[in-house]
Amino acid sequence: MAQFLQQMVNGLSIGSVYALMAVGYSLVYSIMNFSNFAHGGVIMFGAYFGFFAMTLLKLPFVASFALAFVGTSVLAVVIERVAYKPLRERSAPFLYFIISAMGASIFLENIIIATIGPTFRTYPDVFGRSSISLGSVSIGRLDLIMFVISAVCLTGLVLFIDKTKMGRAIQASAYNMKAAALMGVNTDRVVMIVFALGGLLAGIAGVFFGMKYTVYPQIGNITTKSFVAAVFGGLGSLPGAVLGSVLLGIIETLVAGYLSSQFRDLIAFVILIGVLVFRPTGIMGKTTEDKA
Amino acid sequence: MDAYIEGILMLSGINLIAVLGLSLLTGFAGLFSFGHAGFMAIGAYSAAICTKLLGLPFFAGIAAAAAVAAGVSWLIGRATLKLKGDYFCIATLGFGEAIRLILDNFQGLGGARGWPGIPPHTTLLNILILDVIGVVLLANLVRSRHGRNMIAVREEELAAKVAGIDTFRYKMLALVISAAYAGVAGALLGHYMTFIQPKMFSMVKSTELTIIVIFGGLGSISGSVLGAVVLTFLPELLRAVDKWRLVVYGLAVIGIMIGRPRGLMGGFELTPKSIRAHFARRREERAIKAGQAAEDEAFSGGEDGKGGL
Amino acid sequence: MLNVENLHVAYGGIRALKGVSLRVDEGEIVTIIGANGAGKSTLLNAISGFLKPTSGYVAFRGKPLSRRPDLIVRDGICHVPEGRLVFANLSVESNLAMGAYLRNDKKAIAADLERVYSLFPRLAERAKQSAGTLSGGEQQMLAMGRALMTDGQLVLMDEPSLGLAPLLVRTVFEIIGEIHKLGKTILLVEQNAFKALAVADRAYVLEQGRIVKEGKASEIAADPAVRDSYLGAESKAGG
Amino acid sequence: GGEKQADVIKVGWFGALTGDQAVWGNNEFNTVKMLFEEINAAGGVTVGGKAYTLEAVGYDNKGDAQEAVNVVRRLTSQDKVVAILGPNASGNAIPIAPILESAKVPDIATVATNPKVTVLDGKVKPYNFRVCFIDPYQGAVAAGYAFDVLGARKAAVLYDVSDDYSQGLREFFIQNFEKKGGTIVADESFKSGDVDFRPQLSKIKAQNPDIIFMPYFFKEVALSANQARELGITQVLMGGDGWPSDQLISMGGAAVEGCYFVNHLDYEDPDVADYKARYLKKYGIETELNGYLVHDAVVLLVDALKRAGEPSGEAIAKALESADVKGITGRIKISPQTHNPEGKDAAIIKIVGGKYIFQQKYAAE
Amino acid sequence: MSDILRVRGLTKRFGGLAAVNEVDFDVREGGISGLIGPNGAGKTTIFNLITGVYKVSSGTVSFGGQDITDLEPHRVAGLGVTRTFQNIRLFKNLSVFENVLTACHASASYGLADSLLRLPRFRREEKAIKDKADGLLEILGLADRKDAIANGLPYGLQRRLEITRALALDPRLLLLDEPAAGMNPDETEQLMRLIGEIRDRFKLSVLVIEHHMDLVMGLCEHIVVLNFGQKLADGAPDAIRGDKRVVEAYLGGGDQ
């Protein structure tokens, strides 16, 4: 029982890492309708921004944190301008966006390797490594803080999308940019804001990720998992992305803890496919019949 | 021939076979796969089992590679082809990783440490022969009713259905054929390297194949050929820039997407007929332009362009 | 109010507009009639900034128009596009709210919403349904309603009666009349040339990318050539 | 006088300058370049009575086997190198054997520890050599030390299932530990790229082992050690030559205190310290383990060149077969039967107060 | 004349909304029937139910005596029921000819091996279906646009192309969803003639949804009127025109 509780905590902790990444990813997906594979690269930059702010600039944690997510917002917008906007302007099919995103992701990873090198870097200790014990279950301090901050960000984001005019403009543009422009929406700005928000979340994810798991050029690769989680939860649905992430985290943990760590990903994958067969658009994805 | 150039040519030829298959799936049937390296892995291991363990001839290994990859893809297809767009992507991605994980854990075939000592049967000649066969078969397929049905599925699935096309069946057909191609490519790669390791068939490999297909131009076989050769050589040409190599590669990929909206050869096939047609069209366009100018002139000579009739 | 001068638009090599000039004065209803593929939608799209003309010039209230669709909307041009383009993922209600995107006066917006619902009771019934699942005609009503929610001074309408039941076609033309009474200027593209000419002040005839005729709506309607090729059986029966 | 082109001997190097193994590749190539500069500054190498300078031709292969093949083809057929140093990964060293054979160019691998790098199906590959000890040996050392010296009877293993190095060490550790009479109470794995090991560690914790064997690289070691301590696991952790790095201390901190690993060398050795200092001075960052091994590969090559009589691949390969030199990782005496350095002692290192403290030389039976 | 299509108790619910509710009607073999009703009455939904695009909530559809309820769309098409869409769905990036040729696939029966190896059977049948496609384009007056990309065609021609594509399947029953939408009265008249010719030439039955009353009244021998998902009336054009409920719900007084 103690082990089970511990495993649930482990699962939630991994799930919240996935969630933080998946939401940024899903947000961009919901408006651009393509999988932004450069998201992982932006997360990685966030980790580096935070790291260098703390070590080179010797800024306090909060300032470094802010610097990181402002930096990634700008980065995400720049990537959009360079790699996607020209495609958007001639309404290229989504495959082109994906490939462009892959190019961007290869570029981001390797520019780091080529310039500042591939070495692993460790964040200075901010929250302490000790964990909080509840009976026989222990919870990492950083995990807890991360969980809270993610929850706040995600709630804020959902409110922003649902309740504000800009949020509605984002949803409208997500469906059809041309029609949104007809309503007087500056779609260029909407796209910019979406990427800035996605970048902001990436920055937050990056800093936490770096603190938890050190900083290195390939940390973006883990976003593959959050990509899976977002799909599992229902693409384009933000609550879906969170739910999918948490479920994926828990499934993986339970499989590794009770079935087989060797075949963890395989079993988790089979479960995912099983779910998708019954809910072809993910858990929270809208199941609309094709309106003929 | 210089062993180095020969090696790269061989790799281009091997990549080409995998790319042709993926081109059918992505370029013609409109399905996006992140797991094609998984089919290559299946092909490589099946062929190696035939030649190394069972002592069968190479062509039997290649046939087995195609058959096993096709068979597995059929099973995968049954479970996942009902999924749409990105959901299908994820399923293929998961499948590719799953294959790797199984091979990693399967110590009988070397596990993650790989399987050395596979006979070096792959030669430039047999690659070229298979390339030619691959191109011809694919070209024949896409220009038949079966190929057209796949394209219809890509263009507008619902309309394809009411036009009597069993869309599931044609998606499956595209998947199975493309997996068979990937399997053959895997077999060739294994017998070229004389060593196979699950790591060689990672998602990065799948991604590379997809990049080649799109780089070459969706729905163009000659584009795939060109793409496979260019993108296999490009990283080698970039060796001079050392660790900046992949930085340049990444930028080149973005550049092509932005600069050549439909890939190198999107929607255009390089056949004698098409080249003639192209020039004929150019002539015609020029003639039309001249005609238009004349027409405009005549019109404005009329009465300020309106109110005449 | 709107001046189009010698506008050329091409799709790749295909020239859709070959030097179109026209003018819409404040408070007018102007209609453009023409066969399938004459270039009517192309013209409206070029005015509202979705197509870049190869040459030519569009001015609104004497000033050349910006080339960005959203700024053009801000200037006061509102476009009800061909093919409706409702936001399929949003509810009917949110679609209408999007119509008022540029407005801030809550009271006036609420009043306009009331009016839209009373003009199209069906929309009120379906307020929460997502627009993508509406029937074709319902979507057309929504597109019209959404346009009413903007406060554009010049309304470009591309075949507003398309796919509507006869009763509603009549309603649509009544609504056009009402919008006009509110002081708005209308540029109307319609296949139902007979009805369009009946509400319009002036008309242009577009043929293969060129204006071939212009004049008072009643004169155009009486023109035998026009009657022959655009007004079909209706006019022949009536005439 | 080095004015003539003909007086240059080209030596190839390849490894990962990009990709997830780039840390090690860059470290190796930097070391090779530094050593060649030093050798050339000191007058070069005399082969067959003539002085030559050394030129390093290095290529990146991303750690990818297919690129390894491309690169070796290029080094042998276009750059015409006489010998190749690297790679670090066994999976990259194995497929290049046929090319080396047809080009008659020897290769000295650095930390490729899979036995199959030099011997396949009982036959030694004529042009493949290495300077490190092999997996079975290292596994035996770790198991022997854990059982005999540390007195562990119940061991748990956590390993990287998708990594060849990790799978190799795991296999031979388990084999030897069980042979000695110990039991493996947990055998858990993760996949390269994973960063969270808590599910596996929680399971291991429940089995209450005496020792946990972690045969993988320092980044994952630091992460898993930290997570183990967070979960309240207090047992001694043990690992192999993937551990040593300054990064392990900075990342792992207190979590790796009191832990042991098997190493190729003793850090307190003056030769080791000298190289370490030179590297730090030149590049401004600490060397990794690969640097020491490629250092010895260079030592081995220079010795073979001197004895070869002519700067040709064939002659060098021949000379390598009978090499016996002292490197900074110990004595390297190449066995003609296996092309491995025979009888190379392993060093057992303990982490005490954030420092690597040499415990003893340890040889497995 | 017998009934080729028989619809009984057909119902489709979306959540709480019954878009089609207990509808019965028949389509006569060789006839042209009309399906009319206000916007949102459920006409397109009925097409979707007949062609298997939607699954029925209850009720049956039978075609030529065979129960086709809930059959997969491609099977329904294979039996000889094809349709056009209210929101045109062409193979947008293909040429006019390719659009039609694709739909001719059912007229050929060569297998995969025939096409991979270009066996004589492939050549023979391929030539036959190409001729067939050309013939159809000729009849429908699209021959001169043969190589144009479908997406760039004017609206009216796109509709015409959709009809051509449907005819390529040699249907016995053709379902047309607002074929005249976006056409001016003159073009509508031409279309009306065209539909009549098609019926005679291809010996098929037609069920057409339209809001252009001239077309419906002039063309259809039998008309079904829907309102709010239910059948309101059913009969010959004159009877429908005179039906008070239909006038009230749909036609409106006086007009047309």
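Which chain is which? They are A, B, C, D and E, in the order written, and residues in each are numbered from 1.
The criterion applied here is as follows: a contact is a pair of C-beta atoms (placed from the backbone, for glycine too) under 8 Å apart; a residue touches a chain by one contact, two chains touch by 3 or more.
Since the model is a prediction, treat every value here as computed from it, not as a measurement.
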Going only through chains that touch each other, how many steps at minimum separate chain A from chain D? 1
Per mean C-alpha coordinates, the chain lying farthest from chain C is D
The larger set of C-beta contacts, choosing between A-C and B-D, lies at B-D
So what's the Cα centroid distance for chain A and chain C, whole Å? 43
Quick check: how many Å separate the C-alpha centres of chain A and chain B? 30
Give the residues of chain D that touch two or more other chains, as numbers and ranges in rising order. 17-18, 22, 26, 161, 191
Please output the residue numbers of chain B that touch at least 2 other chains, ranges allowed. 101, 105, 158, 243, 245-246
Listing for chain E: what residues touch at least two other chains? 44, 53, 85-87, 89
Per the touch rule, the chain D residues reaching chain A in their complex are 17-20, 22-23, 26, 161, 188-191, 193, 195-196, 198-200, 202-203, 205-206, 219, 222-223, 226, 229-232, 247, 250-251, 253-255, 285
In the complex, chain A touches chain B at residues 29, 35, 82-83, 86-87, 90, 92-93, 95-96, 98-100, 102-111, 113-114, 224, 227-228, 231-232, 235, 262-263, 265-266, 269-270, 272-273, 276-277, 280-282, 290, 292
Per the touch rule above, chain E residues touching chain B in the complex are 51, 53, 72-74, 76-78, 82-83, 85, 89-94, 98, 101-106, 108, 110, 112, 114-118, 122, 126, 129, 165-166, 168-169
Touch list for chain B against partner chain D, complex: 2-4, 6-8, 11, 100-101, 104-105, 111-114, 116-117, 120, 189, 192-195, 197-200, 235-236, 239, 242-243, 245-246
Along chain E, where are the residues that touch chain C in the complex? 14, 37-41, 43-44, 86-87, 152-157, 178, 181-189, 211, 213-214, 249-252, 255-256
